[in-house]
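In what follows, chain A forms one complex with chain B and a second complex with chain C.
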Partner chain A sequence: MGKIFLRHLSLLVLTLSVLSLFSFSLAFLFPGDPLTNLTGVRAENQEAYSHLAASYHINGSLFSQYWHYLGQLFVGNWGISFSSGLPLAEEINRSLAASIELSAYALVFAFIIGLPLGFVAGLKHHKIIDYSLLSASVIGYSIPVFWLALILILIFSLQLGWFPLSGRIGLLFDIPYKSGFILLDILLSDLPNKSDAFYNALRHLVLPTLSIAIVTSTIVLRTSRRSVIEVMNSDYIQAAYARGLSSRQVLLKHGVKNALIPILPLLVMQFTTLLTNAMIVETIFSWPGIGNALIQAIYQRDFPAIRAGMLAVSVLVLTFIISMDLMIRLIDPIRRRPENATA
Partner chain B sequence: MSAQLQAYPALSYSLLIMSLLFAVAGCGQSTPESAQPNGIIYCSEGNPTSFNPQLDTSGTTVDVSSHQIYDRLLDFNPLTGEILPGLASSWLTSKDGLTYTFQLRKDVEFHSTSYFTPTRQFTADDVLFSFDRWRLKNHPYHPVSGGQYPYISSLGLHHLISNIERVNGYRVEITLVQPDSSFLANLATDFAIILSAEYAQQLFQHNKQGLIDLHPIGTGPYKFDSFRQDRFIRLKQHPHYWRERSSTQQLIFDITPSSSLRLAKLMTGECDAIAYPAHSQLNIIRKRQDLILDEEPGLNVGFWAFNTTKPPFDNPQVRKALAMAVDKNALLEAIYYGSAIPATSIVPPTSWAFQPDLKSINYNPVAAARLLRENDIEEGFVMNIWAMPVERPYNPNAMKMAELIQRYLRDVGVRANIVSYEWVTFRARLNQGLHDSVLIGWSADNGDPDNFYRPLLTCEAIASGTNRARWCSKEYDDLISQALQYTSQAERAYFYNRANELVIEKMPLMPIAHAFRYQAYRENISGLQINPYGGIQFRDVSKR
Partner chain C sequence: MPRLKLYQEEFYPSPLQNTWKEFTENHAAVASLYCVLFFIILVIFGPLLAPFDPLQQHIDSLLVPPTWDSNGNILYLFGTDGLGRDMLSRIIYGCRMTFGISLLLVVLSLFIGVALGAIAGMSSGLRSSFLNHLLDSLMAIPTLLIAIIIIAILGTGLVNSMWAISLALIPQFVHQTRDLVRNKLKKEYVLAAQLDGASKSHIFFNSILPNMGEMLVVQATLAMSTAILDISALGFLNLGAQAPSPELGAMLSEGLDVAYLAPWNIALPGAAIFLMMVSINLVGDGLRSALRYRLLR
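Entry: the complex of A and B
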């Protein structure tokens, strides 16, 4: 148990240091002055620049520069943006929260849509409903997410006028920034028109969430279908039927749990795809998330923002995947088997 | 297998989720914006560089600041171009036209925001501070935010004013070096805004002078609240505004650089008004019941200028003949898609110097050919037409226009070659006078007709590179200068009318069109007017 934990922790630390080294070297790879690329402070600003040169030990060896860069990262000095002049730590936290919020709702939706349909298809293996769901999922899986998003906009925003096509909430609502998660912030705020704001934010969420969820749900559908087919054909299910349990009892007591366990690790691996899709969808729906921010930063050659944004995204993905992997190993008896055997 | 029954709950479950989704949609459809707080959203085209139009001539900066956050001493009536009192309630001009005395309005409050609480109202000190900032090189605020005041320097206002004096708290006296009847009009432009001297003083004490242009304080109908780069600018109502204003609580500039996205947001109601609808979108907007498209002739002119220093274009008869050979109305149809009006003189109808009864020359290829032959221009004469490589409001497609003119000239026996370079090179070569003729134009920011007559055709303007005809006429220059000696519009109009006639007689350039300006907004918006004299105004705009 402790061994698994340690192994994951060392993996995390090692990969994170490689990532930070990469982000540090980006400052030298981008054109211009490395210190300016690291901090966002231009050399014209004499006073601030020389102060920063001291705190980043820019005249020391590369290793000492890297070490002090790490130190600055840990205390939250991520530099300032070239284009807005605001501290990047705050900017990135804001946009990352928006991206996580969107991805989380999309993930929940993907499960709500994908899992039941996957079970239906699995239980109806080789029947017409299975084939139609499977082909629908193949179509859904092959649709590029940006195209789907545009089609949804075309139908539900421009033609029907049901949903707005940009942003997280109507700009007339001035929601004070607290957690960065819009729905939570609305609930925490003391606005007089809270319910209107909440409803407005929900309407803004529908199309971007759906665009990501539809694509992700096809993966959920296919994974769960496979798992259900395997489980339902296994010996213990046949045995359960033989003992005279009704098919409802068999499914609920033995089928569902056993089918779900192998799904989870497969789906965790889809997290990166989900986040990539979210970043694409963000730019289409002008969602103020990290994907949108990174694209803007690239357009505007905002090197400190590109560096910090990339680091933040990769740290997020890495931490999530490694901790999910750890969790799965801890809860899944089959994967833990080698450990148990040696213990 | 008999797992059928279990399948259906799952299926109906997902159907339930879907129907819930559409329930949200269904409710939304009936009340698209009803639950929104009171306010106007304007989809603008970009980030402003600052919130001070003294520093930047770009329309993006002007739109968000000039008429929203600030006031000027004087204003233009957007319909007639007449100068109206602003922060100056009245003004007096001395007999010699050198001294202007402004009586300032009392009880005008500055914005009270999270970063500044004013302790006093607007006084003469604020006028002195605002003008001295761009006027005096040694002013402590002159170098703040770059120290460049482009519009003011292009007009030479800092040289024109010799002294500004505070007579008392509510009276200011401005002395000029020489009389200039366009001076008042210049004070009414978007760039002559009034800042708060008290705020500047406070920032100076904290050594944060730069904030004056980023967290602005003014006396305008809206006060600055927040700005998120690439996303939005939030302005809130100034509750103690001195003028009548609409009850709009918030004004938001939703920064949307893509013009198709701006149109899409206008259609879904996420924007109440949009900046710069593209020409290709105009028909879509016109067709929709819920959208309104206003169009109005802009303060601009597109023309075909002849290089009057090069023979045979130094002969007015040849220039007239060439102008006669081209059908202006056909050009308007093909190039502007009808979104312009034919020009007879260089000033557009929105200017008070416009002469509706001006006799211009008409399209007559037969007479044109005859006139050319009389002036020794034989069949097969070769000339060039320079066409701008870029799209401008006064001429959306100069290349295509040049091709059309080429065809008209062929009918009168003149062979025209079209010349174009990259925009910077084009202008540089134009300044050297290498062209025979050129398709170009002019946009003005100022209601005063002097802003057209002086830069376009006076001798002095040849050197500064705005007189593309390189035409120098003492008679014309005298008329334009004389007009400035008088202050009444009727008297000045007399000189401008004579200048118009002179231009038609000598034809240094052929005025082609005054292109329209467009404004698109939703039908529940009222009070939004096209301001031909610059930036958009939201003071009187409200939403039903």
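Entry: the complex of A and C
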């Protein structure tokens, strides 16, 4: 047990240090002078430049620069955005929270839609309902998410006018920033028109969540279908039938639990797809998330923001994936076995 | 086509024939294989098929609806866009760019990825395990994010986005190849070759590579759909192909300006991407299930 934990921890530390090294070297990889890229101050402005050079240790060895960079990262001094002039740590925290909120709702939706349908399709394997669900899922995961979002906008906000076009909440509401999750913030706030604000934010959430969730739920459907088919064909299910259990009992006692375990690791690998889709959808709906921020940063050549945003997203993804992997190893006896056997 | 049976002889199909037989049982997969072939024909013969030049502006006919609309014009089958460019020609050229470039990128990253993966798989010890774990976790970073970072370094543009996407695709192939090589190294036929004194490269090229071909094709279809999606997404976000060029994603983002007046400007390029994705995914699915079931019958 401790060995598995240690192995994952060392893997995490190793990859994170590689990432930090890469993000450190980005300043040199971007076109132009490294210090100008980081601060926006040009070398002609000698006084400010030499002052900044001292504070970034730019004249020291590469190693001391990197060490300094790491220290600044941990202190929370991630640099200043060119476009807004605000500290990046705060900006990125805000936009990450917005992204996580959007993706989390989409993920929950995807599970609510995808899992039951996947189980139905898997139990009716090679029947008409299986084929129709499978073809629907092929359509769902082939659809480019930006096209889907545009079509949803065309139909539901331009033609029918049911949902707002973009943004997170109507401009009339001013929600004080607390946790960064808009629905939670509204509930925590003491606005007079709380329920209106909540309803408004929900209406803003519908279309972006739906466009991500449709694509993600088809992936959930396909993975759970495959897993159910494999489990229902296994020997212990036959044995359970042979003992005289009804098919309902077999499914509930033996099927569901065993089918769910292999779904989890496959879905963890899909986390990146979810995040990519969320990043694209954010730019379409002007959702103030990290994807939108990164793409705006590229348009404006805001190098400190690109660097910090890229580091934040990849650290988030890696930490999530490695910790989920650890969790799966701990709860799933089948995946734990090779480790125990190879002593 | 059923085999002519004149004599009572046993027929043992090769694994490849088995796979093909299993694949043709799946009609949707065969239909989408024809669809992929159609796109390949478009890539090769696109300029001969397109009625107009994709950049030619017909100033007297702006925003003409498609032919099936009552205001449509048979001259412009899919209508025209805000600058009077013929949509059909633009879509044909767009398929040519999006599909052709993706195909090129997949083949390129397939070769590089297989080479690196073979090296990683055939070597052993601390160095390879270090490399493998690192690779595993770096693979978790979304390809689009990698592409965005590379574009931030190189600058926007179609060629830069091509570099970015092929670099982002390589890790999948390395990973897959390495796992396959590891699996095959345990087989008895490899052991037999080793006992015969075959060198490592001989084992790889004669015993392992022929056995991974099919799995690599499946992986390539997956990479192909990722590549199409990424290249059009980058075009759509104005990070890849730039505005006047007929790339499907860039066309979508151009159509956004007139989306309300002329919805076909975003419906049709998107539908073209969608059709590509569906056919590639169905071919991939069909191949995968054919490989899975071919030995069961």
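Here is the rule we go by: the second predicted complex is superposed on the first by the 318 of 343 C-alpha atoms of A that agree within 3 Å, B and C clash if a C-alpha of one lies under 4 Å from a C-alpha of the other, contacts with A are read in each partner's own complex, and residues count from 1 in each chain.
By our rule, a contact is a pair of C-beta atoms (placed from the backbone, for glycine too) under 8 Å apart; a residue touches a chain by one contact, two chains touch by 3 or more.
It should be emphasised that the depicted structure is a prediction, and the values quoted were computed from it without experimental measurement.
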Superpose on chain A as described above, then tell me if chain B and chain C fit or clash.
fit
May I ask you to decide whether A:L158 touches chain B, chain C, both, or neither, giving the answer as first, second, both or neither?
both
Taking the CA centre of chain A as vertex, the centres of chain B and chain C subtend an angle, in steps of 10 degrees, of 90
So in the superposed three-chain picture, is A:F119 touching just chain B, just chain C, both, or none of them (first/second/both/neither)?
first
Applying the document's definition of touch, where does A:L260 land relative to chain B and chain C: first, second, both, or neither?
neither
Please work out whether A:T283 is in contact with chain B alone, chain C alone, both, or neither, and reply first, second, both or neither.
second
Which of chain B and chain C A:G170 touches, first, second, both or neither:
first
In the superposed model, how near does chain B get to chain C, counting Cα atoms only, in Å?
5
After superposition on chain A, the chain A residues reached by both chain B and chain C are 153, 158
Residue ranges of chain A in contact with chain B within the complex:
81, 83-84, 86, 112-113, 116-117, 119-120, 123-124, 129, 153, 156-158, 160-167, 170-174, 193, 196, 199-200, 202-203, 206, 210, 232, 247-248, 251-252, 286, 288, 296
What part of chain B is in contact with chain A in the complex they form?
1-7, 10-11, 13-14, 17, 21, 24-26, 28-29, 32-33, 35-39, 41, 225, 228-232, 234, 250, 252, 254, 256, 261, 264-265, 267-270
Chain A-touching residues of chain C, taken from the complex the two chains share:
28, 133-134, 137-138, 140-145, 148-149, 151-153, 155-156, 225, 229, 232-233, 236-239, 249, 252, 256, 259-260, 263, 266-267, 270, 273-274, 277-278, 280-282, 285
In the complex, chain A touches chain C at residues 11, 14-15, 18, 26, 29-31, 135, 138-139, 141-144, 146-147, 150-151, 153-154, 158, 269, 271-273, 275-276, 279-280, 283, 294-295, 297-299, 303, 306, 310, 313-314, 317-318, 321-322
